[in-house]
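Got some structures for you, see below.
Note that subunit A is present in both complexes that follow, paired respectively with subunit B and with subunit C.
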Partner chain A sequence: MRVYIGKRLLEIVPTVLMITLVVFVMMRSIPGDPVVALLGDAYTEEDAIKVRAEYGLERPILVQYVIWLGKLLQGDWGVSILNGRPVLHDVLLRLPVTFELIALSMAVALAISIPAAIIGAVRRNTWADYTATTIAMVGVSIPEFFIGVLLLLTFSIGMSGALPSSGWVYLPGTCPTIVCAAGLLGNAQHVLMPALALGVGRAALLTRLLRASMLEVIRTEYVTTARAKGLAERPVIFKHALKNALIPTITVMGLQVGFLIGGAIVVETLFAMPGLGTFGIDAIIARDYQQVQGFALVTAIAFVVINLLVDLTYTFLDPRIRYTG
Partner chain B sequence: MRSLRLATFIVFLASLAVIASPFFADAQTPKRGGTLRVSYGNEIANLDFHTAPGYEMMWVAMNIGCGLLNITPDGKFVSDAAESWSSTPDGLLWTFKLRKNVLFHDGTPVDAAAVKFSIDRLMDPNTKSGMRAFYESVHSVEVLDPQSVQVRLKHPYAFFLHMLAAYRTGLVLYSPTATQKFSLEDRKQGKPGSIVGCGPFKFVEWVKGSHLAMERFDKYFVPGLPYLDRVMIRVIKDPITEMAAFKNGEVDFIASFSPEHVDTMKAQNPAAVILTGKETTPMLAAMKVTVPADGKPMSKERKPHPIFGDLRVRKAIGCYGIDRKEIVKIAFKGQATPWVGMNPPGTLDTVDVNHLCPYDQAKAKALLAEAGYGPSKPLNFELMANTEKSVFNVIATVIKDQLGRLGFVNANIRVVDKVHWMNTTLQDGPWDMYVEDLLSLITLDSNAYLSNSTSTWSHPRHNDPKVDELYARYARELDAGKRKVIAKELVEFMADKMYWNNISGSPFYMVAQPWMKGYTYNAEFEVHYDKVWLDK
Partner chain C sequence: MAERDARTRPMPPPIRGGSTREVDLPAQVTTWRPTEAAESESPFMQGLRRLRKSVTALIGLAVVVLLVVVAIFADVLAPYNPIANDQTSTFQRPSWEHPLGTDQLGRDMLSRIIHGTRISLLVGVSSVLLALFVGVPFGLIAGYYGGRIDRGIMRAMDLILAFPIYLLAIILMVIFTPTAGLIGTMKVTGAIAIVRIPIYARLVRGSVLSIKEKEYIEACRALGVRDPSILFRHVLPNCLAPIIVTTTLGVATSIIVEATLSFLGLGTQPPTPSWGWDLKANVAFIQANVWLSLFPGLAIFVTVLGFNLFGDGLRDALDPRLK
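Our next item is the complex of A and B:
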């Protein structure tokens, strides 16, 4: 098992390298120059040339990449071209916000999808099944920003400000800044709508997937055997069927992390959250290459690590699965 | 009987008013304390006030920093760190007397040396300040004594005080001690201690993507000010979220609100105080006049643009082919002024030249026919709009539709992001026409660096020296009456040659909660929170 984990961790290195290289090349290939954004109304061609030289932007792309990589190995993620802030500092400042958002979105998705899928599978072709399936279909079809706007209109504008529309309150003891709001209730109030906006779409997808998986599993012989042995329906469903049906669902959950990070960009912008999503989109719009690289790096690592954790989860769900070196 | 009842009722109301008057009077007495929560629609670029682009930074600089003087909405100059100023009759020598009690936030005095240091820094090409162009007329700055500083000009500059007060941020004084102690990078990222001003608020912290906080400077030179303890600025980019935050009372002040949502804001928040004023920002449909003759961007060797290099085409499309009234009606719901003149109606020395460009399809067709375009040879060009404001796309769409009515003109709309637009236009890239609102203009002179032939920001890249000559004459004329005459000549010339194709003014809105008191609206030019207080 340890050998397997070690191998998988080593595999992260080429994957992350590949992702960062692609992002590096792509960012420099799209039209736009961060120097223009930096100089703004002070722009002159002479100053632009000087600034490009200061940041090494006039060098060949691969040379720039190697330099960036060299600094990265020394723990230097670079500084923002636009505001001079250390990229790693800003990434670490924003990561907890996005991490909490994604974790809670996934929790929302599971809280909706598991019961809906079980009901749909156990009471197949009944009104309960049709309701769950229809809601899932609607959920999949509505984009996050639209759900977000609906939630805003309902809970922030429509219900006399029942929930705050924007901003962020940190969990107690996690304030990273001088001026900072922290509190459990405030945090819950601020994260609820974004997590719902992001989680509902994922819930819909997982419901459909888990329902199909459950339908397959409850027809298998070992489930029939469990019933024949006189086990009550509840342990049959939850202990025997659900655990096995969860394996493909968990695989998809891991893959969904990428979509959640993409969705976080939209949701964080809508709810004005100081997370990694807004950091990424601002960096891309300003062509702040260093920040974009930082964003790509952290999301690539997160994606690979989470998928590794997903693979390891299989062993707990199905003891027959064993990883060897 | 009925009139008796009415009289009794009136007496009752009057008595009530007398009894209640102390409460109302009390409500209008400024209260100290509280946090003003401000919403910005865009992120602050960085915090080096002399170089960072964007209004968002400027509105911070105006509250953390101080300058020599400020300007009121009616154009009067009022004292800031300078208590008085005077000039010689030829306008070449300006002397500023500084107040004695002005301190930077690091405790060092705001003296003549600090003023000289700040102006010299702005004029230094190594600073790469967008303000440098405005100081072209400055020959030197001399310290007379700790409280007196003298600025010698190379030539008279009628707008010297305007420039110091309100061109871009106006002059923001830098503490020499702090500037030498911290690096540019430190200032840009807002490192603790590096942002040192002499304004009413001290910098606390800037957490990009989250907030910028400033707090009262207790040793501010105006006794009793500011009233607020703290100002918290947050960035809320989505207008719907911004409106929800405002309705919930999560923000007290929206520093720049999109015109297309003003009606919704009014409907949702009848108590909201909508602040707006004379239009000072031009909304233009710029046409490129020349392109590099040698194919190298920014080359001084120019040749006419293949389409808009021909004045007849520029006039047909920009002057007669565009119905400005219809654009304003659709894009701004009528809340802007159709305006052909280069400087919008709220700018000093504005000139109405709308009669030069009436909407006239027949004239447009005739000019295009003269230039060789017609049904057998349609005119196709690219119309660029950027994603910064949705109104740009609306205007581009209306223009496309209006030109389509000519029968043989097709404007292909290309939507790009702001940085792409800036790259293309600033670096002399390939473009035909774009829709954009540029800098707010407090004077016609402040538009020189966007429209004379040598300016980097003169995107049409006309190379007509007459424009430069008119601008120079205008700026150097000290007689206000004669200046007006030159302004008229300049604006008419620009419209006649279509070097600057204005559509209208671009309205600017701020929104305040009813409990936010003491704020004086002065468009984008002066955004000060020193006299603001919260009546909660």
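Our next item is the complex of A and C:
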């Protein structure tokens, strides 16, 4: 097992290298560069050449990539071209915000989908099942940002502004500067709508998948056996059926990570949250090469690590699955 | 579907070996249909008949057909010019004159939504077709020839799949630089198609791997049929069912991706009406006029729901094994 994890961790390296390299080449193949935006009205050809030389932008793209990689290995993520701040510093500031958003939205998704799927599968073709499947169908058809807008309309515009429509209050202890709002209640108020917006869509998808695989598992021999030996319905469903039904569901969840990252970008933009999503989209649009590389790096690592975690979850859900080196 | 039939139609008792367990399995009880046995319908016709019985699939199909009609006749149906500003009537609430109100430039929301149908459907359908056009031949060739060709093609596909889909789509759109009008729409279509090519290549390759071992393919080879002919006339038709289903559901996904890109400001640019962009632009004025951000969102939702319902119905009808 340990050998397997080690091997998989090593496999992360080429994937992350490839993603960052492709992003690097693609960003620099866009006509125009951030130097024009940086110099603004004061733009002169000489200044531009000087600034480009300062950031090494006049060298061949692959050489630039190797330089970036070399610095990265020394822990230097580079400095933003547009605002001069170290990229790693900004990434570390914003990572907890996005992490909290994604973790909570997954919690929302699981909290809704597991009961809904079980009801749908166990009470198949009853009104409870039809309600659950209909709501799930509606849920998978609504884009995150529209759920967000509906939440905004309900809780920020309606209900006399019960929840704040934008901004952020940090969790105590994660506050990046001396002058910033931090507090548990404020944080909860700010994260609630974004987490719901991102979580509800996932919940709908999960419900559909989990219900289908529950229906398959319930028909299997070991569930019949469990019932035949007199086990109560509850342990049969939770211990025998649910655990096995979760396996294909979790695989698809792993594949959904790419969509979750997009969802985070959209939801953070809608609620004006200072997370990695808004950091990434702003950097890409402004063509701040260094920031984009930082964003691509974090995203790639998260993407690969989550997929590894998905594979490792299998061993917990199904002890027969054993990874050997 | 099968279960519903099983309850309504007379069914001979299943004749099976000793196991009592199998009797209880609804999925394995084959429905006995005397008419079907006599006429021996083609699987396609059977699928069509199953589809006709699914209420939800028909609702989905109706929504899709309605949207296509709206998109085609947008110029006739829209009461106003969707991009004509009218500074004298901004932020109007829904009224007889403007059924869905007007936005911050006084543009009629209903007309914008009607014209927005074009962008959504055009991008949704054509990006999937483009992805099919590239992905299916790749999948066919990779699966049929195997070996080094297979490894080469699938390695390239894995490269795209290794990306979080939105990261790639966003960067592609920045490279293409979003613009308005038809060119802008084509750029979005291209970006979405590229990220979705591997899905079809993988799907087709998987089907081809099993089909190419079948005897009728061997018979074709023995008869000296050329490879392209075997691939397109014998292999491809046999992996159509999963392709059709994935395509329909793929349109729904593509429409969401398009709306998301527009929402981020990277879709078709204004003044071309696009639902995602309208939603984003009007969220800023949510205090001034609640309705404005509601309608584009509803339009996206109804469109995606239509394709999802239809796709789900198709899946149940064409290939009950695909779940």
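We adopt the following convention: the second predicted complex is superposed on the first by the 323 of 325 C-alpha atoms of A that agree within 3 Å, B and C clash if a C-alpha of one lies under 4 Å from a C-alpha of the other, contacts with A are read in each partner's own complex, and residues count from 1 in each chain.
Just so it is clear, a residue touches a chain if its C-beta (ideal position, glycine included) is under 8 Å from a C-beta of that chain, and two chains touch if they have at least 3 such contacts.
This structure is a prediction, so every number in the text was calculated from the model and none was measured.
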Q) Based on the superposition on subunit A, does the combination of subunit B and subunit C result in a clash or a fit? A) clash
Q. So, A:287: does it touch subunit B (first), subunit C (second), both, or neither?
A. both
Q) Does the superposition put A:157 against subunit B (first), subunit C (second), both, or neither? A) both
Q. A:167 contacts which: subunit B (first), subunit C (second), both, neither?
A. first
Q) In the superposed arrangement, which partner chain does A:149 touch: subunit B (first), subunit C (second), both, or neither? A) both
Q. Between subunit B (first) and subunit C (second), which, if any, makes contact with A:79: first, second, both or neither?
A. first
Q: Using the touch definition from the top, say if A:183 reaches subunit B (first), subunit C (second), both or neither.
A: neither
Q) After superposition on the shared chain, which partner residues are touched by A:270: those of subunit B (first), subunit C (second), both, or neither? A) both
Q) When the two structures are overlaid on chain A, which partner does A:22 contact: first (subunit B), second (subunit C), both, or neither? A) second
**Q.** First (subunit B), second (subunit C), both or neither touched by A:37
**A.** first
(Q) Of the candidate stretches 9-17, 63-71 or 81-89, which in subunit C collides with subunit B after aligning the structures? (A) 81-89
Q) Which parts of subunit A are touched by subunit B and by subunit C alike? A) 31, 149, 152-153, 157, 165, 269-270, 285, 287
(Q) List the residues on subunit C that touch subunit A in their complex, please. (A) 3, 21, 25, 27, 159, 162-167, 169-172, 174-175, 177, 252, 256-257, 259-260, 263-266, 276, 279-280, 283, 286-287, 290, 293-294, 297-298, 300-301, 304-305, 308-309, 312, 323
**Q.** Interface residues, subunit A side, partner subunit C - complex
**A.** 15, 18-19, 22-23, 26-27, 29-31, 125, 137-138, 140-146, 149-150, 152-153, 157, 165, 212, 216, 219, 221, 224, 257-259, 261-262, 265-266, 269-270, 280-281, 284-285, 287, 296, 299, 303
Q: Provide the residue numbers of subunit B that touch subunit A in the complex, in ascending order.
A: 43, 45-47, 51-54, 128-132, 168, 184-186, 188-189, 204-205, 207-211, 213, 230, 232, 234-238, 240-245, 247-250, 268, 298, 416-420, 422-424, 426-427, 439, 456-457
Q. Residues of subunit A touching subunit B in their complex?
A. 31-34, 36-45, 47-48, 50-51, 79-80, 82-86, 90, 93-94, 149, 152-153, 156-157, 161, 164-168, 177-179, 269-272, 274-275, 278-279, 282, 285-287
